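So the structure is just underneath, and the comments pick up after that.
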Amino acid sequence: MEENRHCTNGGKSRSKCACGAVPFLAGAIVALAFGWWVFPDMLFSKEAQPFFFSHGVHVNDVGAACADCHSFREDGSFTGLPSLAACADCHAEVMTAEPGPDATAEQRTRYEAEKAFVEGYVSQGKEVPWRAHQKQPDNVFFSHAAHFNKCFDCHLTMQGELNLGKPDSPQKLCMTCHPSLEKLDKNPPVELNALTDYSRTTMKMWECEKCHAHPGHFYNDGKGRTAANNACSTCHK
Amino acid sequence: MSAKKEFSVKWGMAIDLDKCTGCGACMVACQAENNLAPQADASNKRRVMNWLVVYELSNGKAFPDHEVAYLPRPCQQCAEQPCATVCPVVATERNEEGGIVSQVTPRCIGCRYCMAACPYHARYFNWFDPIWPKGMEKALTPDVSMRPRGVVEKCTFCHHRFMQAKDVLRTKGIDVYTRAVDGKHHCAIPENGYVTSCAEACPNGAIVFGDLNNPAHKVYQLVTGNDNAFRLLERLGTDTAVYYISSREWVRRLGDNYLPDEETQKPQQILPKKH
Amino acid sequence: MKFVAGASAGIMATPVPWKLLDDVSIWTQNWSWIPRNQYGESTYAHAVSKMDPSGVPMRIRLVDGRPVRVLPVEDHPLGGGLTALSVAEVQMLYSPGRVKRPLLRAADGGFTELDWPAAAKILQEKLTEAGKNTAFISGDESSSTNEVLSAFAKGIGSDQVFFMPSEGQCASVAARLMGLEAQFGYDLEKSDYVLAIGANLLESWGTVVRNRRIFKESHPHPVRSAAKGIKEAAPMAVLAYAGSVQNNTAAVARPWLPIYPGSEGLLALGIANMLIAKGRVVDAADFDAFKALAAKFTPEEVARLTGVDPKKLEAVVEGLLKAKAPLVVVGSEFGQGAGAAPLMAAFAVNALLGNINRPGGLVLMPPAQTAMPKAEARSGMYAKDLASWIGTAKPALLVLHEANPVYALPDPESVAAALKNIPFKVSFSTFMDESAALCDLVLPIGMGIERTDDMESPYGCGGSVYCVTPAVVEAEQDVRSTANALLFVARKMGMDLGFETLMDLIKAKAQQYGKAKFDVLASGKALVDDRTVGPRGLKLRADILGKALQPAAKAKDALCLAPYAKLSMGTAKTGIPPYNNKTLRAGDLDGTAMTVLMNAATASKKGMANGDRLLLDSGRRRIAAKLRVYEGVMNDTVAVCLGFGHTALDEFSQNKGANVMELMTAAAEPGTGLSVWTGTAVAVSKA
Amino acid sequence: MEINYNRPIDADLFPEGASRCSFTQFSLWMGFLTAILLVGLYAMFLVFRYGIGVTHLDDHFGFGLWITFDLAVIALGAGAFFTGLLRYILNIDPLKNIINLAVIFGFICYTGAMLVLVLDIGQPLRSWFGYWHANVHSMLTEVIFCITCYCIVLIIEYIPLIFEQKQLNRIPLLHHIAHNLHVTMPLFAGMGAFLSTFHQGSLGGMYGVLFGRPYAFRDGFFIWPWTFFLFVLSAAASGPMMTVLVGTIMEKCTGKKLISFDIKALMGKIAGTMLLVYLVFKFLDTGAWIMSIAPRSGLEFDQFFHGWIYGKWLLVAELLLCGVLPCVILLKKNLRENPALLYTAGLLDCAGITINRYVLTVQTLAFPSLPFEQWQTYAPNWVEWAPCFMVFAYAAVLLSLSYRYLPVFPQEKQLNG
């Protein structure tokens, strides 16, 4: 840019500039506070489950395996959340004994929850509007079959720290990726993003790429392919 | 242009133009399978979303010597793509075993550069948001995600069926890729285990789908060394995965641009040399 | 100012802009106004398309109980793929053109909604009132619903039960006139030389999917290799086609013999003459009369009358003679209005070829069965000609079952006028078609996949076949089936038709057909019966043929009208399914204007050029169109596609061209009692 | 102080010693431009609300008026980088008298093009994917990077000029910023030249790499097709002349001499030289296209043209009428020193480049790439035109404001003294 050469009183400016720092800093602090503390709560809503559900009861007390409720279909697809019909196989009627006067609060909660379920859903034939923590976006094709079969092919047998060790139960395999919900008897609310409608725990692509783009997976398995393909269409539909 | 990727499995088609009657069943099957939205006025073909289009070909002769042929045109799934190389955001690529050119519409920014690049007009832009008549959204499949306005889409050889077929094998404990008797690696999906919606619908069997690298597959047998086979715009070097077959020379000649004194090409490089 | 600057700087160091940037992009991927994928278990059910007249077996894919796709069925005598119409059947469930609940014409001319009990009550009143002055029209030839219709009619003293005109009707009347107690069947599977005259075998004639599967099986893919010395394999069966338009069949048939529209019967007689000249005879009482008639159709005369190339015809006749199992199929290029005479001529040709009841030949199947005591036989219903009746008769009550005569009969305007004169009209219809829109009471019936129904030997099959289609989807609309509604009304009226529901009737029928269980049939199995009946008492009826098979009268500068049909454009009942107007090729429609086809020679003779706006004038009615020069059309002929010009139904069918039926007028076919409208001439001028 | 009612009310903001029209007159002019802007904004609203379907673009013509406009505007805005290069790097001092205008006009062109580009992409909210998920193989990626970076450079180059506004310059901070930016201007000029070369080239490369489109496809050097270099050269050949034309139009509008004619003639000479270089390569390229690419694609030369709309006259106009002719005028001293001829040559030069961008965009797509197809034709509708005119109006607004309030033309005082 061609300068208009008439520089005037350059010296005076310095003192004026210094006192500008206070509002500047104040602004910055307010913005930082808003951005880090207020904003996340604004973005995410907390959605409770329709009624109290305990993985712990099912796994620890009843001894159910994950696959009893979350199973593969014959065509290789995964059921995900069980249908009402699947639940009703056991819960046709309230199974928990009605808590006596000396029952614990926990027993009471369980009983009330099951009663609410049986009366509100099973007997009315109404599917439960579960709030899923881990729902795949529509543009993702996630194959449980691929992960369940292929990942463990190596990671149960390979040398080194990436060996997951022989699992003592099939649940252990599920827990490789899923949180151990059987320990959680409280249902954490599902936090939904107001803009995207995704839950807070929805994985970002970079998390998938921790494995899919892992350099260790770019070996050739002797069959002319890599172990975990990172092509777009491997996961997207 | 980046280096061409070769895969041990290469899904492809052989489309028999002597069999196609141009009925359009494949086009409708494609739309239903891939969740395309219907259009009340589909008279402007340059605004009609069709991943698969059936073109009418004429031998150019006057009645009664006139002959007509119909040419279904899915995405040609080029090994040397004019489109994927130009996409600024990697929304389309050919990077997966099987050699299908993917199209990830949630990534697409809608610049339409790929459409300008594709000489087959296989790519379509969502000029408006898709609208289904009330209730018809219930007939949408869960296999293909919906696309909003402003993104480009195209035929993916019903890629979701490939994924589903692999899952069927996996749950049965079968390896997806196996070493076959010819010592090469093939996909263990049976030949009828993964078929595109268009090929499946056609009662004339005009569209044959399978692994172009697998000698056991019909598509391999139809295109390998077949002098009646050709590909569209072969001389561009796009190395497409869609072959056409016709016993009529005028049909084959319409597959590419020819100078008046040029002979109709014999199919070159019918199969990639490397495996 | 500085505070704002500080805040701006600060905010950049928080997740706010970056998270929002990312989330906004994700938001664009999941806009709430765009449908989401709905997941669930995939299940499959078998059905037969009742929407597609060609009888297509289908496998319906349901996700979480919602039907999402129509898939083909391979192991079925009529299966092997899908047509452009049947593949859209699931989407048609949600067609905007559907009738959602019973509608009654109000005083102000509009419709008011009512419930089924009220509608049934009105129906009952009207039926009681009209009694024997009630007429029925059925648009579904292959369903047992027709038994209910005819039995009901008989119960109230009416014998006015009609089918919409079809090729099946022409064939049935032809058989009856020739003294045959049988239905024509076509053993295309085993034939090694099929000559289709007019019959658009691979698109709209008969059992289309089966025809096309047979074409696939008999035509190996063209593999040829000079290097390996592989020569192209000849097709196992030749498919030759004679017709005025290079339609979907002609596109792949070798050879195509161009002939004038409506001259199919004349060509058949010409072929008969050539066969007789080669010493072929038929064991029929009146063969000599036939021979004398055929002798008039010398090759030269046939060439003059039909426009066929004599050399090409000779080659085809030679092919037929050489073939082990030749078969000649005659039909109308647009599936209707051919009359019985061309079919009779075709029978004579097949008889001369010696292929009656032989493998790969023309099969005489036993008549369709009835299970309902008072029901009329299918051939009896076929014998009544609707096109001639509708202009003259004045019933007090008209009941339509899946029939759209106001669109599909020749000269629809006159049909509409005739309908308006009928005091009360009822339409059992899935879609609000042109006829339903004229009716006083519209009763919604479920689509094929929403109701239990059956299909008995659709025209064109090679042997008796019986299929059941169960309701694979629960209907969302308030629909019934015609048969059940009528059976209900019958009971209310104190009539006993022998069955409570259509399901009971179908079960009885299944028993009758080889003692099959309903459930087995409902799971997709077809009952096949290969029994034939002998051509005893065969008469070739030269007396009728001589009168009926005349070249169409045509003014000197008029053009022959060649309508042609595409299943993709739907039927009169369905209109164009939502996805299907995309199958129109560039130039088929120009905005709302339809294109008609002429070859360049014809166009230049008329001083017309590609893209000209034209008027087609039948003398009574005119339609506007745009000219597309297409060399696959016979000389002096203008070809027009059927299926356009809908005024009812939905936006996918409306505002597209004109209905070519407007140009046609039904004429009586001498001696057969049928009407014909294949030989129409039109004056064409620039608009 | 006595108020002089003859002075415009905003006279205190005028550059030192400059006289300007009355504020009322200026407001009327601005009002007129605002009307055009509003029509453009309405068109933008339609596009964002309903989708690009409201235009006449379609699956055959994914690129149309907007891309042509962007390419032409970016080429014609090249005066900024090229003049900057000559002024700051090659130290051709007289160009200081036009460099401000070149920078402002460049800024207008680039921001205008970006605006239209935002309209043209279907998902503008995802445009940042271009950085985050960049495909390094795509010419468009290079374009996205370079254009946005260059836009920033242009902003940096424009800022000191704004800060030199008489009143703003009294604020010491702004004064210092302006001053210090001046010192570093050669650095930015250098960056600008680098970035511009690449994105002008990449824009050309965008077409040259389309190996499925024989009308546009070109061989090249390493990864760069010849169109890459041709676009750089043609931009350098037309940008300076466009700057001259804009300056001249401003002179006509204001009725003042703003740039001395010798500067304009100098710019003309520079542009003419570049045009000559460009034309030499362009003719070679056209020859190679006809002799090599066409037959290789199984095509004859005639097949590249269709009817009147995509006829050969476009090629003749581009190369001869708008190529050779202006080149001769600009290179012959006696011809270019005739103002009328200089401006005519400038117009032809810019028109030629615009035709080049148009045919590469539209004719490439109109050409039937499949042998059984027909030529297709394309005509934009008002929704496409309106944003283009909006950019013109935006240019007029910015130029008017800059002229009125900023010291754009160093020679103004002297020439109108």
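The letters A, B, C and D name the chains in turn, as written, and every chain counts its residues from 1.
Note that in this section a residue touches a chain if its C-beta (ideal position, glycine included) is under 8 Å from a C-beta of that chain, and two chains touch if they have at least 3 such contacts.
The structure displayed is predicted, hence computed values, not measured ones.
> Relative to the centroid of every protein C-alpha atom displayed, which chain's own C-alpha centroid is closest?
B
> Taking each chain's centre as the mean of its Cα atoms, which chain lies farthest from chain B?
D
> Counting contact pairs per chain pair, which pair wins?
B-C
> Which integer distance in Å separates the CA centroid of chain C from that of chain D?
The separation of the two C-alpha centroids amounts to 61 Å.
> Return the distance between the CA-based centres of chain B and chain C, expressed in whole Å.
31
> Please work out the Cα centroid separation of chain B and chain D, and write it as a whole number of Å.
The separation of the two C-alpha centroids amounts to 40 Å.
> Indicate the whole-number Å distance between the mean C-alpha point of chain A and the mean C-alpha point of chain C.
Averaging C-alpha atoms per chain gives centres 54 Å apart.
> Residues of chain C that contact two or more other chains, please.
If we look for residues of chain C contacting two or more partner chains, we find 24, 27-29, 36-37, 39.
> For chain B, what residues touch not just one other chain but two or more?
48, 55-56, 58, 90, 106-107, 129, 143-146, 148, 150
> Residue numbers in chain A touching 2 or more other chains?
75, 77, 137-139
> Please name which positions on chain D make contact with chain C in the complex.
By the definition above, chain D touches chain C via 123, 125-126, 128-129.
> Show which residues of chain B lie in contact with chain D when the two form their complex.
Against chain D, chain B makes touches at 1-2, 44, 46-48, 55-58, 71, 82, 85-90, 107-113, 115-121, 123-129, 148-152, 232-233, 235-238, 254-260, 262.
> Flag every residue of chain B that touches chain C in the complex, lowest number first.
Contact set of chain B toward chain C: 14, 16, 18-25, 27-29, 31-33, 36, 38-43, 45, 48-50, 54-56, 58, 61-64, 66-70, 106, 129-130, 132-148, 150, 200-205, 208, 221-222, 225-228, 245-247.
> Which part of chain C faces chain B closely enough to touch in the complex?
Interface residues on the chain C side: 28-29, 31, 33-40, 61, 63, 66-72, 80-84, 87-88, 90-91, 93-96, 202-203, 208-209, 212-213, 215-216, 219, 221-228, 232, 246, 248-252, 258, 309, 476, 566-568, 577-586, 588-592, 599-601, 631-635, 650-652, 655-656.
> Taking the complex as given, what residues does chain A use to touch chain C?
20, 23-32, 34-36, 39-40, 43, 73, 75, 77, 79-80, 137-139, 193, 195-198
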